[in-house]
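Starting off with a structure, shown below.
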Amino acid sequence: MLIIILRRLLQAVMVLLFVALISFLIFRFVGNPVESLLGQEATVAQRAALENALGLNDPIYEQYANFVWRALQFDFGNSYRGALPVAELIALRLPATLELAITSAIFAVIFGVITGIYTAINRGSMMTNFILSTSLVGVSLPTFLIGVLLIWLFSVELNWLPSFGRGEVVDLGWWTTGYLTVSGLKSLILPSITLGLYQMTLIMRLTRAEMLEVLRQDYIRLAVALGQSKRQVYFFHALPNILIPVITITGLQLGSVIAFAIITETVFQWPGVGLLFINAVYFVDIPVMSAYLLLVGFAFVVINLVVDLLYLLIDPRLRDGQLRKEV
Amino acid sequence: MSKTREMTAPLLEISHLSVMLKKRRDRLKAVDDLSFKVYPGEILGLVGESGAGKSMTGSAILGLIDPPLYISSGEIIFDGNRIDQNASSIRGSKISMIFQDPLVSLNPLRKIGDQLVEAIRTHINMSKAEAFDRAKTLLAEVGIDPRRINAYPHTFSGGMRQRVVIALALAPEPSLIIADEPTTALDVSVQAQILDLLKRLCRERGTSIILITHDMGVIAETTDRVAVLYAGRLAEIGETASVLNSPRHPYTKGLVAATPRIDADSYKKKLFQIPGAMPDLEQIPQGCAFHPRCDFANAQCKIQQPPLFEDRSACWLLKDGSEIS
Amino acid sequence: MRRFLQSDFFYDFSNTPVAVVSFVVFMVIILAAVFANFIAPNNPFDPASLNLMNGFTPPMQANEFTGEVFLMGTDDQGRDLFSTILYGLRISLFVGIMAVMLAMVMGVTLGLIAGYLGGWLDTLIMRFADIQMTFPSILVAMLIYGVAKGVLPPDLRYEMSIAVLIVSIGLSEWVPFARTVRGSTLVEREKEYITAAKMIGLSKRQIMLLHVLPNVLSPVLVIATITFALAIIAEATLSFLGVGVPTTKPSLGTLIRIGQDFLFSGEWWILLFPALTLLALALSINLFGDWLRDTLNPKLK
Amino acid sequence: MSYVTAHQLTRHFDLSDPWIVRQITGCQKQILTAVDQVSFSIKKGETYALVGESGSGKSTIAQMVSGLLRPSMGSVHIDGHDFHDGGLDAMSLRRMRQRVQMVFQSPYASLNPRWKVGDIILEPIKSFHLLDDTQAQQKRVAELLDQVGLSARDVNKYPHEFSGGQRQRISIARALASQPEMIICDEPTSALDVSVQAQVLNLLKELQREFLLTYLFISHDLAVISTMANTIGVLKNGQLVEEEAASKLLTNPKHDYTKMLLSSAPDIGSIKI
C-alpha cells in the first residue's frame, strides 16, 4: 500500500515537472522577456545587460531549474501588460473562479450521478429516453451558447437574475466570497448552470455506461439467480463497483471545470482567472499564459492524487497491489 | 434404481419448452420442444455442443431469460407449481445456480462473508449474527477454513473461489442447483475436487443438481442420468451408464465414439468422427436436425421431426423398436 | 452495393428512425455548404455586394430604406444572414474535417506505435497523452493558438488564422484516438494471428500495417464522428471567444458572437439562426455517432 | 538422431517494480521462473506431447521452440540449428522459420478477421518466396485447402463465414503453406466441440503421415494427448517431472503428480455398467 502511494506521489511530481517544462518553454521561447521589460526602443547594450541579469545566457537546464524554483515561491514574473506580478493578478482572481467551479461541480456531480443511475436502472422508460435525448442536445450545444441563451431568457426576458459579474462580494482579507450575499448567490446561478451542464451530461453518460457494464457482470447475474432483490443488487453489489470510474471522471471533470471556466467567464464577464487568461491570449501576454498553465496543471495533479488515494479505500485488490498484475 | 425413481414424483418437470431468439428480421428457435424431468436427489447431466441450448435451458428454469430471448411455449413445473410465468418467488430460495467462471462470479469489492450473509438473509429470516455463523458452517462444508470469512475474493485461487460460489448457492437451502459448466475454467485436478464436492452435497443433503457441461468425461464420472441436446432439441435421455454404453441415437453414438479415451495404444488408431458440424440456429434443417450428418438417415428423417421414442431417444429409427448398429 | 443493402448494418440503420433522420439532416447541411455559391442569394465575403443600409433587417420583412427582403434577415453590416450562414458553414465544416483528419492520423499512428512496440516509447507517448488529457481540449487549443500567435510574424497571423485554428483543434483532440487504438492494439497484439505472422518472418512494420491496423479501425470511426462534432463546437467556441477566424469571413461561431451583441437590443435573429444551424449540425452528428457506437459495439445492446 | 533437442531450457520473467520504487521501498527483485531446466528431444515424424495444468510453463516452452521467445538459459536445436545462435545469417534464419510452424488454440483469434481465406494461406507462400507466379500461387492455395478438407471455392470468403472446426482447418492450411517439417500444436482442439475435435485430431494425424511432420503437441487434456502422442512429458511448475513413451506413462505412471493427473482426468471410459 505504501508502495502505491509512493508511486503515485512520484508520478505527480513528474507530471508537474513536465507541465512546468512546457510552461517554461513557452515562457522562455515564445515570449520575449527582454522586450517585454524594456520596450522596443532599448539599446543593444541595455538588452545584453538585462539578458545577463535575467540569466538568459545561462545553460538551459539551469534556467529551467530557476524557473521551477521561482514558481515554487509563486514568482511567475510580471505581466507584460500593466507590469503587475502575475502571482498577484492570479491571487486576486482565483476566489471567483474557484467558487464558480466548485458550485458547478457539485451541481454536475449530484445531478449527473443521479440521472446516470436512474437511466441505467430504468432502461427504455419514457423518462430515460427523455433524459438521454435532452442530454445529447446538451452535448451538442456549445457552452457559450447555453450561457447566452440563459442570459437572454432569465436576464433579458424575465429579468430574474443578473447577466454579468459576481454581484456583491464580501472581502475576507485573503479571499473574496459571493456566497454570503443575496446578489452574490443570485449571480452564481446562471454561470454555474452554464459551466456545469456539459460536465453533468458527461458524468451522467459515464455513470450510466458503468452501471450497465457492472449489471452485466457474472456476480450480478449470480445475485439475481440467487433471488436477491433489485434493491440488494443495485445497492449492495453494483454501487460500490461503479464508484471507482465515477470518482475518476468526477475528479477529472472537477479539474476541467476550472479550465472550462474560461468560456463561462467570458460570457458572464466573471472576474476570474479564466478571463485573465483569455485576455492574455489576445495580447500574447506570455507570463500570464504560462502561469495559468502551471496553475491548472497543479489543480489536476492534486485532484488526481486524491482520486488515486480514494481508490485505495474502495478497492481491496488495489490495497494488496494485485490489480496491476491481473490487468 | 430406475424403477424407484419412476415411482417418486419429479422435483422439476419441463414439458414442451421452447425458447425463441429475436434476431433482426428473424425468429429463431434456440430451444425446441424440450421435455425432461429431474427427480429428488439425483444429478442430471445436460450435455451438448456449444449452441445446443443447454445453458439457455438452465436460465429458462430460473426465469433468467431476457430479451431478445423469450419463452414462446411450454411449462416448467417445480414441486407441483408452475414457475415459467413467475420464477422470482422460487429463484434463489428453492433453485439456485452456479456459473462457469469463479473469477467473475463474486463481487470483488465485498468480503465473502458479507456476500454469504446477504445471500442467506435474502431467503431465511435470521439475525446478522446467526447468518454469520451459518456462513461459517457453509464455508466449512465446502472445504474452506471458516476463519477466512472476512477475506476478499481476490485472495482465493480459482478452485477455492468456486467453492465459495457453491457455498453461496447453498445459502438458501435449495432443493435444486443448476451448475452451468462449473469446472470448465478450472484445472483438471481442481475440477475433480469440485465435482466430488458436488456429488457429496447431492448425497448428503439430497439436493438435486442439473449439471450443464460439454465434457462427456465429466458426465460419465458425475451424473446419474443424462440428457443429450442437439441444436436445441433433446436427442436422447436416460441412465448415464446406459446412454454411454449403449447409445440409441446416432448422434449420441457418434459423440461417445468421438470422445478421446485415455488408453495406452489409442494413439495408433484414428478417432471415430461425425462429418460436418452442428448447424447454426439460422440453418437448422427440416426434419431431424441431425439428418445431414447421420449415416442412417432415411426419407422420413428429412421431412418430419422425430418424437421421443420409448422415453429415450428422438430418432425415427426407433419407431419400430429397431436398434441402430 | 446490394450486399451492403442486405447487411445487418443497413438493416439496423433503416430501422432506426433517429439514425436515418440525423443522417439526412447532416447530409442536407453538408450539401448546402458545398453548393453554397448556387444556393446563397449573394456572396457575403464580397464587400462589393454589401449595402450597409440593409443592416438589421428582420427576417421576411422589407428593409425600411431599400425595401429588400431577406429570408433570415441581415446582420449589422447588412449581410444576408442566410447566405452568411451557408458560407460560414463551409468554414466550420472545413475546419472540423481537417482538424479531425489531423487528430485521427496523429492519434492512430501514435496509438499503434505505443500499443504494438510498447516499452519506453509507449510510456513516453501515453504519459504525454495523460498529461494533455488533464487539460480540456479547448484550453489546449487556446494555448496552441496563443503560442502560434506569439511565434508567427504579425503579417502572417491573419492569413494563417484558419490553419492555426485547424492545428490547434487537431492537436487538442488526438488523445482519444491514440488511447482507443492503443487499447485495441494491446488486445490484437496478443492474438494468435499476430503470432502466426511473426512465425512467417514478417517485420514489425508489416505486422502493424497489414495485420493490426485494419483490426483497430472500427472504434476509430465512432471517435472520428464524435470528434467531428467536438471540433465544430470547438471552432465555434474559439471564434466566439474572438481567437478563431477573422470577422470578415465569419464562421458560425463568429456570427453567434456578433449576434450576442445585438441580442439584448431586440435583433434576436442574428443570434438565433446561426445558433440553430450549429445545433442542428452538432446534434445530427452526435445522434448518428451514438447510433454508430451502439451498432458497432454489440455488447451495449 | 533427434529432430528437435531442447537442452536445459529455462525462462525467467521479471515481475519486479521499477528500479526507483525498489530503492525507496527496499523490495527485492521478483523473478518468476516459468520454465526450469527442461530437456527433451523429439524424433523426426513423431509426436511429443507436453501435458500440464495452467501455469506449468507449457506455452512458454512452445514459444521458445518456435523461436519467438529467447530462452534465459539453455537452447533449442531444430535439425541442428538454433534460432538464437548469433552466427545465423538472414537466409538461414528465414529457412529455419519456414521449417517450424504453429497451430493455435483459438479458432477465432488465430485468423485475421479482415483478410480473405485465400490471402491468409497465401501470405506464408509470398513471405518465404516459395512461388512467385500468381497462377502457381492460386493453384497451391487450392491444393492446400483441399488437403485440409475445405473447398477451393472458399478462397474469397472471410474467416467469420466458417465454423470453429473449419477455421482450425484454415489455420492448419496456413501452417502447411510454408512446407514446414515441424508443427507446434498449442492446444489445437481445446476450444472445439467433441465431434469437431475428432475431425481435427484425425486430420493432424493424416497430415503427419503424409508429410512426415514432427509435432510438439501442447495440451492440458490427457485423453486428447493419449490419442496423439508417441512420447509424453509431464510438466509441473516449469519442471519436467516425468517423461515416458505414451503407452508406458498412461498404464504405469511413476511420478505422484502424473498419477494424480491420470486419476482426476475425466474419462468417458471410466463408466461402469
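Just so it is clear, A, B, C and D label the chains in written order, and each chain counts residues from 1 on its own.
Keep this in mind: a residue touches a chain if its C-beta (ideal position, glycine included) is under 8 Å from a C-beta of that chain, and two chains touch if they have at least 3 such contacts.
Everything numeric in this text was worked out from a predicted model, so none of it was measured.
Student: Treat touching chains as neighbours: how many steps, at the fewest, connect chain A to chain C?
Tutor: 1
Student: Of all the other chains, whose mean CA position lies farthest from chain D?
Tutor: A
Student: Between chain C and chain D, what distance separates the C-alpha centroids? Give it in angstrom.
Tutor: 49
Student: Roughly how far is chain B from chain C, centre to centre by C-alpha average, rounded to an integer in Å?
Tutor: Using C-alpha averages as centres, the distance is 53 Å.
Student: Cα centroid separation between chain B and chain D, in whole Å?
Tutor: 33
Student: At least two partner chains per residue is the criterion; list those residues in chain C.
Tutor: none
Student: In their complex, what parts of chain A are in touch with chain B?
Tutor: Where chain A meets chain B, its residues are 217-219, 221-229, 232, 236-237, 240-241, 314-317, 320, 322.
Student: Would you tell me which residues of chain C are touching chain D in their complex?
Tutor: Touching chain D: residues 191-193, 195-202, 211, 214-215 of chain C.
Student: Please output the residues of chain D touching chain C within their complex, sorted ascending.
Tutor: Interface residues on the chain D side: 66, 68, 93-94, 97-98, 100-102, 104-106, 109-114, 123-124, 127-128, 171, 174, 178.
Student: Over in the complex, which chain D residues touch chain B? Could you list them?
Tutor: Those residues of chain D that touch chain B are 47, 53-54, 163-166, 193-199, 201-202, 205, 220-224, 226-230, 246-248, 250-251, 260-273.
Student: In their shared complex, at which residues does chain B touch chain A?
Tutor: Residue positions touching the partner: 62, 64, 88, 90-93, 96-97, 99, 101, 104-110, 118-119, 122-123, 152, 154-155, 165, 168-169, 171-172.
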